[in-house]
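Okay, so chain A shows up in both of these, paired with chain B first and chain C after.
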Partner chain A sequence: MAGITRLNARMNRRRVIAASGGTVLGAAIFGNLSVGSAQESDVTVTMVTDTAGVGDQNFNDLAVLGGDRAAEELGVTFNILESQTQADYSPNLAQGGETSDLTIAVGALLGDAVAEVAPQFPDKFFALLDGVVEQDNVYSVVFREHEGAYLGGVLSALVSQSGILGVVGGIRVPPVARYEVGFVAGARTINPDIEVLISYADSFEDPALGQELTLAQLNNGADVVLPIAGRTGVGSFDAVNEQGEGFWIMAGDTDQSHLAPGRQLAAIRKGVDVAFFDAAQAVVDGNFPGGTVDDLGLVEGGMDIYAFDATVDQSMLDTVAAYKQAIIDGVIVPPADDDALAAFVPTPLDGAATPAASPAATPAS
Partner chain B sequence: MSDFFTVALLTAILRSATPLVLAAMGGILSERSGVINIALEGMMLTGAFFAVAGTHWTGSPWLGAAIGVGAASVAAMIHAFWCITLRGNQIVAGTAINLIAAGLTAFLIQLIWDRAGATDSVEQLPDLFGTVNVLVFAALVIVPLVHFYLFRTKQGLHTMASGESPQAAESVGIDVTRNRYLAVVASGALAGMGGAYLSIGNLSYFTLDMTAGRGFIALAAVIFGGWTPFGAAGAALLFGAAQAIQIEAQATSGFPISADLLVALPYLLTLIAVTGLIRKSNGPAGLGQHANAH
Partner chain C sequence: MTIRPGSAFVNAVGSVVAVLVALLIGAVVIVISGQDPWEAYRSLAEGALGSRRGRAETLVYAAPLILGGLAFAVAARAGMFNVGIEGQLVIGGFAAALVGATDWGLPSAIHIPLAVLVAAIAGGVWGFIPGVLKAATGAHEVITTIMLNYLAFRLIIYSIQRRSDWLPVDDSVQGTERVLDTARLPIVLDATRLHAGVAIAFVAAFTIWFVLFHTTFGYKVRTVGLSEGAARYGGIRWGMTIAIAMALAGALAGLAGAGESLGLHGRHSAVPPGLGFTAIAVGLVGRNHPIGVIFSGLLFGLLSAGALTMQAEADVSRDIVLVLQGLVILAVAAFEAMNRLPWFRGLGTPKTPSGGDRASDTGMAPEIESRPAPPAI
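Presenting the complex of A and B:
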């Protein structure tokens, strides 16, 4: 038995190293970010990534942005634990619970692991971004991605010449599905005949596959593609770059125009960085909202659309702004799931810009 | 359906199959010499990373590809040293190579580019005839070369003898150790080329774990193809076709077959191949065996 225990201990240790990969070493680099902070704090904040990890150019990197800001402005110590596989979620969260005051799980996929680990550390705080776990020491933040994506769909349909759009998803977890249905609803509001091709990679970390999925959509007539796929989605930018003029990316989560200069139509903004920072600040201020759920959309500033390309003209911007106001006012309620999308009746606003693709221009299928 | 199988789909099949074909040729060389190589994944990842790093350092994607191939050969050398000289467990060694490659590349991204997860973009290897990368053609040439080497040269036959029965090969004066080292290092070079195809052929950067299991799929192609170059290349093309078709199916509204099912199809086929339902899958008899102790 002793031998087995020792073996297990060794395997666990290796798993933690494997889980964090170069990150245990890399943490030293990140740790440096807290040096020279404006203010000192003895609060330690640990971020646990999903398998897409740091460097996904969107969701995880946004959280890092929030963590860096917390290190800089609040003086907290900010650590990152990367998860290479789903089996790393629980050990990484437990390590966060042991070593820090606040452990922030970044991604819907970590929900079950948070529910399992948080009760083991009742005197520590946990936050889950993109999912809900109802426990006293867990603060949950979800976003109404469908509201931002609806605006992305509106603009994409206005710009599309072919009347065909694309969505390239990583894994169809609820936040990704909300992006997808919101985008479709927005596009249909502008052009009821629009076609939206929807492809999933079943992976957030395969850019070569993301490129192929996007190329296939472009070859089938799509001219604006929304990737919501972590590192897989980086490949979508390559595909659009390759096709060049006349093809566009609608970016998800954050501005990624550096990946495809001049080919990003706009970016749907998701306030992951703000939510991350606010959670850290609450711990520093001693008013951590454990046990509560924040649901952030356009009206709370949790979602938005920004980083418009120069070719987006004023009438399009006005139209997007009008739909944004309609959602904030509750006049339009974008669907959040498949059932709501099926029941959704597009109601175009009066005086809005008209789509580039007239229904007659849509190729017969 | 007639406009479903287009030139675009055929080139997509070639693009998906190329990294699998290259790594599978490496897998065949290693396994035919008697060394199990589940480290193909790690060698591909090493090749993918150093191809980008090499291009970054030298400014030339050709030198970058060479550096990627060289680095993967070094990883293979470590595998060979562990498996052949130290007579260690070949599965454990392969697993270790895969874990080291994942961790080391993640660390080196931060060291070189001072950021995590993904490198900057570098220059790509050129495309020929429109959108088909030069390494696609390299893969098409390498398959018959590996076949010729194994079955038509003395060195190749010695390699296979080392894999079938290392003791018997030694007894007739074949240097099993040397043959196995050569074969394993060559397997690293080929897997590294497959990785370089992904990072600077298909794309123009490296991201964490970007090989996404393709090394293991290549190994499945080796087994599915009965450890022969043409068989494995055919299997890799089949796997590439399954992926390309599911991608096309997802992008085509109203395609009659579930894309999820198509994603699972290559793996299902491999499982069937391994169980021997299609035909008997016989690996080299001396696979995983060590030569006589000296």
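Presenting the complex of A and C:
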């Protein structure tokens, strides 16, 4: 009974993100939609958030989505433990270790705490999303964000009228840096002269600062902005909303078009929810991949671009699809860090659409 | 023990009543949010006090708050409103972690004290700057300490992201490298996170109590805080005193940071922990008295430690603890305001003019110098 009440309480929390339809799409992408009756399972899964917490409309909420799906489809008991400060990480993980079969740490910043707590519970399972801890009972998942972001950069450069893009980052941890670098590389492939303004809030939980940084970029000519900033990124949507027509947001991690209806160009999808679900399923099925590291990109379906706005026409979609195929085929290798970006030589594909900002393009009506 | 408004006894009773009132209002909030307040408080108390590990966690969470609360109290006694504890704390923690992560081949007996000392100095400098600015130019410390907070955050971010060439930092975790074992504050209770930094907090509290109430310097600090004019007239160097008091406050906050990076986390992360702001509340609830700060720090630590169990067992959001902390502060402020009402003052039997802890409370003769007040530094 207590378990059910708990689940209901959780379900109320994520109504906003559920409305975006991410679950269905995510399942479709990964093709492992096991429709139907909720099985019963005595497996308990606990998620430990980073300090941005539930309600960030982003990374944490995406993980909650995966947990909710696991609760619905696999019948597992799904609990969430929120962390307010980094001092909370290891007690929360220990609480998870004591009370559940699988404890999932959401975010690279929990790596230290996972490494500290997991050995204390050798017969329990742990998973770390976005970071790597090499221990027998820990399954680590990292994503090749730069591959998805590359496509986001391609599309943004195609749409941009001003030839200036923006990136608003939370904290420059490696996953965020990969987003930034991949985005810049994709944009340069379409338009070698493109300028990308980059600002960091140094916080994943400061929407006001995110709004301020985004407005500054828009005022400096940027017309497409990619926030990769957790809760901070909500401010970017507000800023683009405020500016209205002609300004676009490229969403990171998940579709957040409800935050700025009609202003989200597309969303770069990061399969956090699916990784979460798969980890839970592995525990239910008794084949938990402890001690392994999964590195998910376009080819594995761990990254993608979706939720295109109507303004994205067919030729742009074709171009994005062509670059996606080129990355999957290994023809293009998007850079993953600053050094790789410095050495990156943009190689446009033949017959692709041209950027709106280039002189060759037809002037916008 | 005198029962009159403003006395330590009345303050203590007031704070206790304020906490009870806050818990009562908090219970109403929990009911409104659809949960069982009894179950919430029970699991909170059980989580914080019901087990060996829970009690250790309470102390772990309390330690930086006690040190931070002292940093607020010392400054407040000198009439300074120290909003810069967060900056002083992180700069201290960062400095300690840098020293701790550097391999000079030092034994623990030298490495730990060195790292702790560097933290105190770094925090002390961060506190000294606004003190001097106030003394020399009159720049208001609320402004300068807030600005120094951001300076500390940015300096740390810059060091981590740009200066990995000569500092032991790791930008993949946005922090310093891990502190070497020779510099880690030892765990004093097996299978818990209780580290030796907790002892530093208690030793510091009693030391500050002694310094404030049983030394000439403490007397000067309190006099300066009560009345700048009187202090000057009495021959106390106002500027020098507030600058040193602020440096002392910063050093205490720096020690809090050292405990976090050398004891708890094993590295310093760029994300500001926010402890310095909670510490302001700890100082206020503790009525800026070092012993009061111990109790209020323990209370806030208890709330933080118990909140984790509360959210796991009673399914009450951890955020309710922030509500409780806010309510405690409000209740203490309300009590303070009530303290100033004439009818409330009449309840006591003031034998001496009411006010804060005057010198007469501790039986010390005022220090009188017959020469004219020297100019501020």
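Here is the rule we use: the second predicted complex is superposed on the first by the 321 of 365 C-alpha atoms of A that agree within 3 Å, B and C clash if a C-alpha of one lies under 4 Å from a C-alpha of the other, contacts with A are read in each partner's own complex, and residues count from 1 in each chain.
The rule is short, and it goes like this: contacts are C-beta pairs under 8 Å (C-beta built on N, C-alpha and C of every residue); 3 or more make two chains touch, one makes a residue touch a chain.
Predicted model, so just to flag it, every value in this text is computed and none were measured.
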Figure out whether A:Q211 sits in contact with chain B (first) or chain C (second), or with both, or with neither.
first
Contacts for A:Q84 in the overlay, against chain B (first) and chain C (second): which applies, first, second, both or neither?
both
Under the stated touch criterion, which partner chain does A:S160 make contact with: chain B (first), chain C (second), both, or neither?
neither
Looking at A:N220, would you say it contacts chain B, chain C, both, or neither? Reply first, second, both or neither.
first
Counting only touches as set out at the top, which of chain B and chain C does A:Q95 meet: first, second, both, neither?
second
Could you look at A:D202 and tell me whether it touches chain B, chain C, both or neither (first, second, both, neither)?
both
More chain A residues in contact [chain B versus chain C]
B
Looking at the overlay, does A:V234 come into contact with chain B only (first), chain C only (second), both, or neither?
first
Check the residue A:T254 against both partner chains and state whether it touches chain B (first), chain C (second), both, or neither.
neither
A:P174 in the overlay: touching chain B, chain C, both, or neither? Say first, second, both or neither.
second
Would you mind listing the overlap between the chain B footprint and the chain C footprint on chain A?
82, 84, 202-203
Would you pull the chain A residues touching chain C in the complex into a rising list?
5-6, 9, 51, 79, 81-88, 90-92, 95, 99, 108-109, 111-112, 171-174, 202-203
Per the contact definition, I'd like the list of chain A residues that touch chain B in the complex.
14, 17-18, 21-23, 25-26, 29, 53-57, 60-61, 64, 80, 82, 84, 166, 195, 197-200, 202-203, 205-209, 211-213, 215-217, 219-220, 222, 231, 234-235, 238, 242, 365
In their shared complex, chain A is touched by residues of chain C numbered 57, 60-61, 153, 157, 161, 171-174, 193, 260, 264-267, 269-271, 273-275, 304-305, 307-309, 311-312, 315, 317-319, 321-322
Contacts from chain B onto chain A in the complex sit at residues 6, 8, 12, 15-16, 19, 99, 102-110, 114-118, 131, 198, 202-205, 207-210, 212, 243-244, 247-248, 250-254, 259-260, 263
